[in-house]
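Per-chain residue numbering starts at 1, and chain names A, B, C and D are given in the order in which the chains are listed.
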């Protein structure tokens, strides 16, 4: 297999290449009875659509979704939901050059080594367009989570070294500016930084953060399928992510138990925690606090500077990449992180339903 | 399921509680013909055995493994290898207190929420002893990888804020000192720091690094089962890990493409890279360079200071934990990281065998 | 999940309803480098196409396949192959009646019980059209098997009580007549029988047999994933199949060991068996002989006679089904059995590649 | 993998060889809170224990189970239940002969072909003792099903050609006689037949039937994971089973729709069916009627007559098998069929819990 399926009960299978006929996803295991229409999906897809910003590739794609199955009279039927997004703006000629050499930081070389050859047009399957299927599936998951009162929210936490301040946190701002940062001031600085990168024919990286509110407790599985472990896989499976943090993340390795432990407290009769260094997960299971994760994205490898590399004949050459490339992928990756988080959370919620005999008896007997 | 199985073709299933009869693992999918004996496993288990250091729990366990199946005349038969390690030093009385309350930073509360009750003795299934099965399975994977010339090596990269210097790198040192650090000087500083933590009735965290040498290229799957994504899940599934990095990890988010990209080069006719910011993985597939990952461990939550928490009646209380606890788990976790990495790498190597028609024809026709 | 995925390494995911936008399949794990074009798929689809015979539904569908991904320059790339077949001849009005009641022998009642409601148009997901995705995927598997010299051949073994005689076996005959029987005489009798059934407003059942020639030995897994067990699941997952036999099948229960055992023999230096009661599988692994299985299909439940049933208000009613229905599904099911067998065989061949250390070393080292 | 894991949410992994240290199983995904003790398991194991009848191998094994994990204070904790049954009566010397040749009807040859060599002692992993793990796991599943009011009952339906009469059905009889037949008269005839077989140094086959009472409706998944398809795999995965039937099974292929269709009826306000040709499953989902399946077992291949075969040097030889072998395995296989059925039914019940949004909301919100 090429590992194009994710999930155990809520299971998504994506397919498609950057310059093929289209991109798509099959969602198997979506529970029956969810109201769902094209608009629900399109709203998510529009958040990652290219061509909308000076900081994104200028490739114009409407990325319109067609719902092919699994819906009847406006509701999911419990059978697979197949979604198709046609590619419309392929300019394969841009890629003739790269057929013969290996771009630094790209999967060109490793694909050739694995499969013997590759669809080199626009990166083929390793293109960022592969995430369209994830986003479409994530829209379904997020809608169902919303029915349970659970909200997943991703945003840009940092670009280059510029971090947002939680004091300025404003999600509406994030949804309308070009950086995805929920902090107007930081966003302005980041824009300036990105322009500088573009002037230098260079690219930038950044951090996407994602939080999950109103989580039930006890979700996740205690050993290999810990909630955080499964989220880590979901997030690292997004191209260009090189690090994953949950809660305090990399800071825990320099911390002490006395400060890192979160005290349990009672607030209005409800269990809570005085702090949330753990990021909402203890022993792989949700603890009822907000889940907080971070994904570190590397700078786009496609830069317009001259670069050293090799060609298929194993000769060292200099190249200069052309075409339409994002100087940073973070703003468009926000919704991808949100989608993968939603898919993971929902799958674990469904898996959790069979954890207890008393609840199973209740389920089948009343 | 409780998610106690890991892997697709090389598949491990662990079981066991801290204070039950024992701990074990079933390895399914180990190829036939590998020379394997108890000693191969014991060598790995001894590296995580408790009671061997002032910085580890004083619980004395020999952790002797019994090989129950899957071996015939000294070689694996291709059928499941079942391994059993009896618990011998249970002191359940230490844990009577914790039956009634929830320790901060532990899985007590979340287990109760998920399952309705828990085996509270020594943390039950969420104890660090759960990793014994992983280490036993990892010993098998590492032995098979060695047959292919692939070496997996983990070591302590940092404790508290004290990092090793790569200039002093000395693996033999790491295998004999109490910190697992391959740098004598850093190790001495870390020891001093740990003593200070113990004096303060506190605990410490740290970083385990792991490298994989001599990897074939093209290993991993391009979408959800990327090699780094699968490693991330493997590593985050180890209790107490809160962040995962591949290659430059969290540093990529502040980097630029021009410096983060690794140029391909030819060295003696062989493809290589001028740098290795990517940590040996491009597009989810191994690129032939050394794989380098890091796992951030939080400080042991069991500290002897007074702590605030709640009990099962949802009353706020103060507690003081007793028993035998590691002031830091990093030195004993080194071999766990090594084991999980070896298991993942081997599984992906096996999965990769069916990637190409030409190789399949060769396999079945010669 | 709704269980729409089949296979471990060669993995297919089907989707689609009888009267939705279309039907499709995603094949994940097809090895790279297989020459594949629309024609290869269409050839298989045409064998199950409706409207071609007086013994099949008169619904006219061209069932034209569109290859959406996973192919580049005429060869598979190793990434998912997505195939789409649009529905064009939906006559949903035929089904308004059945929205309100439960047809005997159909899944109407059980779908409503499971999901709370159903897409009742033409049976929705439980329609025979669901098998289109299987056939498209089976065409890919069969093509790859052919590269390995393995041939999968299904045919009609019996209709009603009329069985073929192996003495008259003529596969070409089977591919051109209306019954799929490789025996001209039996086919003529079966046609007469089917006409009689139609006159009686009744339907008929039958047996599809499938053989696999030139199988390598040792394919399959020894416990739960036995080759015959996996085939049984593959075949029983086809709607209307009520029994599965391997080799002598139901006859073994009345046999004796002395006659049922197949003696191993040597023929021109090659291991063979004097007989093949086992149907080519011993201990769940292929033994090198021809694999022979049989699938028993029930008569089409949609008959035009008056029938007793209930409606959604739990009232007993009489109904008379209208629309376009096959008086027998066996002739069109032949290629479905062939497809599911090919998919299973290929998947097990891929899984088998990691069975031995010596072969793995050879694979990675030369 | 060697395919030693079965199930999706209720997941069992078996291990062990006939003449190794023991046999065992790990049950992962057993819901928390089930009262369970050694006795519950032993009761099932005793039903397949050897040495108890003249029609069974004379190997004496107590097959005592040890519960190693997953139970606390008499109840399952939700974590893996590991069970160990030591082998105590290995007489490996019986098997020195068979190291060098391939017994007809056994897996000797196919194992050697797959793995390069085999643990030949008593058939190794392909021994009937492999089913001990299944029976132990089945005991757990059956106990949980009983809590839901669901009862799984297997019995011997036929031996040689001798079938039971449903008019004489008496389950108590089946549980105490040597054939497992719930019909005293048929059982007596079968005993006489078996004695004749033994006199002839021959062996016999038979049919095990299994019924599931009080099934909820809508259980199963509609495409590849149909309830009957999954049962077929479960049952065919038992060594020596060569055919599987659900409901009318092989008889449907000669039937007509008008007689094979089961009319829905209302009885005391409850949906029922006038007949049950379908065996309780429609479209892969349970329809609320009794589920009825049949497994056809071949005669034990180990017979004491002289047989023709080949040895490892590919020479044709005559052999005469020694040792302790069952002249028929059917009576001891009854509980194995019951176990595999219980495991499958429970797993599908758990999977079904996430089928509907309204039920998920109810589960998480009240």
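Annotations
Simple rule for what comes next: contacts are C-beta pairs under 8 Å (C-beta built on N, C-alpha and C of every residue); 3 or more make two chains touch, one makes a residue touch a chain.
Keep in mind the model is a prediction, meaning the values are calculated, not measured.
When the partners of chain A are compared with those of chain D, the chains appearing in both lists are B, C.
The most distant chain from chain C, with centres taken as the mean of CA atoms, is B. Centre to centre, using the average C-alpha position, chain C and chain D are separated by 26 Å. The centroid of the Cα atoms in chain B and the matching centroid in chain C are 44 Å apart.
Remark: chain B and chain D have CA centroids separated by 38 Å (rounded to whole angstrom). Multi-chain contact residues of chain D (touching two or more other chains): 1-5, 8-10, 14, 29, 32-33, 78-79, 114-116, 125, 222, 351, 355-356, 358.
Residues 1-6, 14, 102, 104-107, 109-111, 113-116, 125-126, 130, 158, 160-161, 197, 200, 202-207, 217-226, 228-237, 239, 242-250, 252-258, 260-266, 269, 271, 274, 277-279, 282-288, 296-303, 305, 307-310, 314-316, 351-352, 355-356, 358 of chain C touch chain D in their complex. Of all residues in chain A, only 1-5, 7-11, 13-17, 20-24, 26, 28-29, 32-33, 66-70, 72, 75, 77-82, 84, 114-119, 124-125 touch chain C in the complex they form.
For chain B in complex with chain C, the touching residues are 8-10, 29, 31-34, 76, 78-79, 144, 147-149, 216, 222, 349-351, 353-361, 363-365.
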